[in-house]
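In the two complexes that follow, chain A is the common piece, with chain B as its partner first and chain C second.
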Partner chain A sequence: MKGGWAWALVLPPLGTTLVLFVGPLVYLFWVSLHTASQSELYGHALTIQNYMAILGDAFYLAIIRRTLAVAAVILGISLLIGYPVAYFVALQPARRRMAILLLLLFPLMVSNVVRAYGWVAILGRRGVVNTTLRDLGLIDVPLELLYTTEAVVVGLMTILLPYMVISIANTLASLDPRYQEAAQALGAGPVRTFVHVTLPLSTPGVASGMLLVFLLTLSAYVTIALLGGPRSKLLVSMVYDSVTAFQWPHAAALAFVLLGLALAATAFLLAALRPRRVQGAGR
Partner chain B sequence: MTDRYTVGGLLRGTATTIAFALIIVPIVIVVVTAFSPNDYFEFPPRGLSMRWFAEFFRLENMRNAFALSLELALLAATLSTVLGTLGALFLARRRGIVAGALQALFLAPLVFPTIILGVALLLLYKTIGMPIFPGLLLAHAIIGLPYGFRTVLASAQSLDPALEEAGESLGAGPLRTLFLVTLPLVWQGVLSGWLFAFIVSFGELNTALFLTGPGLTTLPIEIFSYLQFQGSQLVIAAASTLQIGLIIVMVAAIERIVGIGRIIRGR
Partner chain C sequence: MSDGANDVRLERVRKSFGAVTAVDNVSIDIPRGSIFSLLGPSGCGKTTTLRLIAGFEQPDAGDVYIRGACVTSIRPYRRDFSMVFQSYALFPHLTVAENVGFGLRMRRVPRHERAAAVRNALQLVKLDALGDRYPRQLSGGQQQRVALARAIVVKPAVLLLDEPLGALDKLLREEMQVELRSLQQRLGITAVFVTHDQEEALTLSDRVAVMRNGIIEQIGAPREIYERPRSEFVAGFLGASNFIDGLVVANDGAAIVVDTRAGRVAATAADIAPGTTVRIAVRPERVRVQRSTDGGMPARIRDIVYRGPITHLYMDSAAGPMLSYRQNAGAETWRIGEEIRCVWDAESAIVIVPERA
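This part shows the complex of A and B:
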């Protein structure tokens, strides 16, 4: 598509994204800088008080800390399980690798509410774990597994794990096997080859997997609401609660604190996991 | 590198088994439970029955939610794909800062925390007085846009530019070239983008959470409010299984049309 008229092609998608994506976010930010109002959506006076109230409040700081802690645990476990799985997938012949990746892609298409319901059925008072333990005579009273932060971690980790595996497996499968062969020919054992060659070369996949898992953890309101209890609320739950309470400027500020967290984590992960040179220091 | 007897091989095998169990078992339990004849959740169920599917279609709110989700997904996927195709055809042969920025913009809804987009759209809709249905439709269309865009972009970039030039040098105007040459060559990308956008819309939660209203609810949100306020009734398992069944049909369609491998590698 060439020529000046080609710009007519891009106008509909560009206009739509500007009006329905960029525009609403700018408006939300504008509202976050205003005072609250009883009669209207937001007051007239400009203020940064909404942000100060969140970042200066021990309650919200504790929620932010808990959000980061839960996200860090989910990232850690999904990397620990996901990396060896991705390695396994990458070693398979091409056709079987595609079949396994398809099997990993399918659960991502199932709505998160359905997958969270699966965990409710497993962890609930009448769930699979409790009835099995009771039938085995190990417990008399059902264990309280659901409505805990642990349930949120397990549920979210398994819901997001395929993203980690697919990202890393794609990078590993596209690596030139001659790198590993060269390392082994030069006398490195399997462990040294992995630590000094394979792992550094796979950092782009690790970075994109970690980013996806982190960003999706931040906005996973439904999973947290279904599996977590009142004490496992994360920042996204606060955003939802303040919207349903019609505290518009406060809700808007919370949303942008959440976005700030997402951007900071993105910058940090991208900087920490820049693709490194395999040969290391001796350039 | 067949090393299933080494320590590394054992580690990989164990991790893979655990991962697949954790990912697949919850979904399998939901599907098996949907065919339960019992009144309450019991696993494994004692026998087989379709009573919860019958119950699903008997409940007016479930039926309406299912119909609304289907209608939204059909319309939103079409809108996303049309917009995505236009953007992809424009950007397929362009390089530079503007093209890069546009591409980032069209792909942004893919990684952007959708819950924030949901709040922002609700606020905008409240300000301008947008009715519920078109509001939901536009939100789903924006969220589906990256899928339509990305698959068509991949198809359009692998296209030989000589074919379009041939069309134009033989006297076809830009519109005729678009409809008679370009679109027939990228239709696989268009169709698989549509199917992906459909799947995404059909399971969408984070914007629908804010944008649905009384009497106008999508299936995922209906399932969510049932789980929150009515406990885990087995009709939820039937609703979930219908969702999963529809996705299996769509994935089979994508696999037949283009082969799923292209989509995975494009990620």
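This part shows the complex of A and C:
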């Protein structure tokens, strides 16, 4: 009986997931294995040509490389900036910590579109940065700040940094201070306590923060479209371009390449950081 | 100043958290090679006292000495101590051997020396086969031993133990008490032990400080604390006591006679003049029960609890409830409702300092 009730509770969300997520995903994969068609969603012939066209094409490989490079740079910078901030936040008393985390979330309440246009206003040819530099007489010709990969990195960073900070701060704040005291009792000063104890014990937060930032980078679109321009396209942009060109099977294949990248990166991060080794561990 | 034979010395140390004074004017001397227990109910300041020795807390007043050197302003990681935490705080990302070797690594002991010392320490706690395991793969008792090995391998001037056996079940706890004691004596380590378990404190310690509300109520050898409690709190916290109020009517220097509501009883000598109101304490195991009607304190048996080796007799007397522990020697049988007499030797009844209101 108990098992029956549990199933009764699980079935609705399970069914919803199957119908609305797994089903379409399988269908999308099916689409990606077909030729394109002028009149239909996809042609009749089965083919893996869509994948070959992506993975065998220097253009797409360059975009994949750029996508990974952008994600890696964003990961690196958000970790470098985010960890110290998270460490500081975690040291605060509980009430103040909550207040700071809310403040960090505040920018996320503004739409990505609005924020992207905010960057346009700052980085554009007649934006705040260029006019200021010109008025100071430092430049004659406006700098090309907008529609560059750097602009995309800056734009995404400002959206994704809070995710990194919050997940690391939560892990650090929930860390039992006895671990640090134990290290000190064994003669470790502040630096070595951090390197040998605090840092390794914070890997669950680092891992979840990195995953969030990485996956959100892969799926970001608006920011890339508005700040990247035509020369700084990432993989997501290509999916959009294919769809607007009615190349549905090609778009589907791109989507699965993206999914593959996400899964591979997740596996790599978890294997490298092994967050589980410090979880559910000795009291 | 500090005397060379004491490994730990607290000099009128005080520590407040906001409006609460956790440790109030505490002075302690702990001779080298002895186990010193801080005993008391939760919130009495015993753990704060330990953390003051470690340096995890800074005293508001007073000084802390380790091996004769004042360490009051020295950071914890520069003090010569190690610690076993109630939660053990074993590093989950390190193996047992790495945990035990951590302190040596921080002291920059060369790798091969470290390995030998770790092996030794693990042998001492009988865990030499488990060096490659992770803490989560060990039982609570094994984790406790690893925590102990990690603390002793660095040969600290003083070993601090914060309720180290609190998380273990009763049987394992008693086994570890004996083991801890023998290990401490073999290594000659000075240890400070925090516990709320009075039996544990009596079993393990050379000296015990009973704390309440940040103050040391009494300090002394286990026997002294148990047999000669100076306050009602100490008499009640360590084991059980029967408390009887009365008026001193005679004092011949060897014993005193106290007039209670249940008649006259004898108590051990104290510097008290006849006419003084006192409270006396008698341990239940010192109260004998007789059927004869002459002498002793009349009482009626209210309840009998059979506990195997001993039987608890709960009685009512005109002076209040009485409790007696009777050894199970085979012969005694008692009935509820029986009228009996409670008898004890004069030196078993201690005059205690009246409670501060």
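We adopt the following convention: the second predicted complex is superposed on the first by the 259 of 283 C-alpha atoms of A that agree within 3 Å, B and C clash if a C-alpha of one lies under 4 Å from a C-alpha of the other, contacts with A are read in each partner's own complex, and residues count from 1 in each chain.
Everything below uses one rule, namely that a residue touches a chain if its C-beta (ideal position, glycine included) is under 8 Å from a C-beta of that chain, and two chains touch if they have at least 3 such contacts.
Since this is a predicted model, take the numbers as computed values, not measurements.
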**Study point:** Touching partner for A:A262 - first (chain B), second (chain C), both, neither
**Key:** first
Exercise for review: Kindly classify A:L201 by the partners it touches after superposition: chain B alone (first), chain C alone (second), both, or neither?
Suggested key: second
Review point. Taking the superposition as given, does A:R178 touch the first partner, chain B, the second, chain C, both, or neither?
Key: second
Review point. Looking at the overlay, what does A:I74 touch: chain B (first), chain C (second), both, or neither?
Key: neither
Check your understanding: Where does A:L227 make contact in the superposed view: on chain B (first), on chain C (second), on both, or on neither?
Key -> neither
**Study point:** Touched chain A residues, chain B compared with chain C
**Key:** B
Practice item. Have a look at where A:L186 lands relative to chain B and chain C in the superposition and call it first, second, both or neither. Key: second
Study note, to complete from the structure: After superposition on chain A, the chain A residues reached by both chain B and chain C are none
**Study point:** Complex interface listing, chain A residues touching chain B
**Key:** 1-3, 5-7, 9-10, 12-14, 16-17, 20-25, 27-28, 31, 41, 81-85, 87-89, 91, 98, 101-107, 109-122, 124, 126-128, 131, 154, 157-158, 161-162, 165-167, 170, 177, 190, 194, 211-212, 215, 218-219, 221-222, 225-226, 236, 239-240, 243, 248, 251-252, 255-256, 258-259, 262
**Study point:** chain C - residues contacting chain A, complex
**Key:** 54, 56, 75-78, 81-83, 85, 87-93, 102-103, 106-107, 134-136, 138, 140, 143, 150-151, 154, 160, 167
Point to revise | chain A residues within the chain C interface of the complex | key: 176, 178-179, 181-189, 192-193, 196-197, 200-201, 203, 277-283
Check your understanding: For the complex, which residues does chain B have touching chain A?
Key -> 1, 6, 8, 11-16, 18-20, 22-27, 29-30, 33, 40-43, 82-84, 86-87, 89-93, 102, 105-106, 108-109, 111-117, 119-124, 126-127, 138-139, 141-142, 145, 149, 164, 174, 178, 182, 199-200, 202-206, 209-210, 220-221, 223-224, 227-228, 232, 236-237, 240, 243-244, 247-248, 250-251, 255, 260-261, 263-265, 267
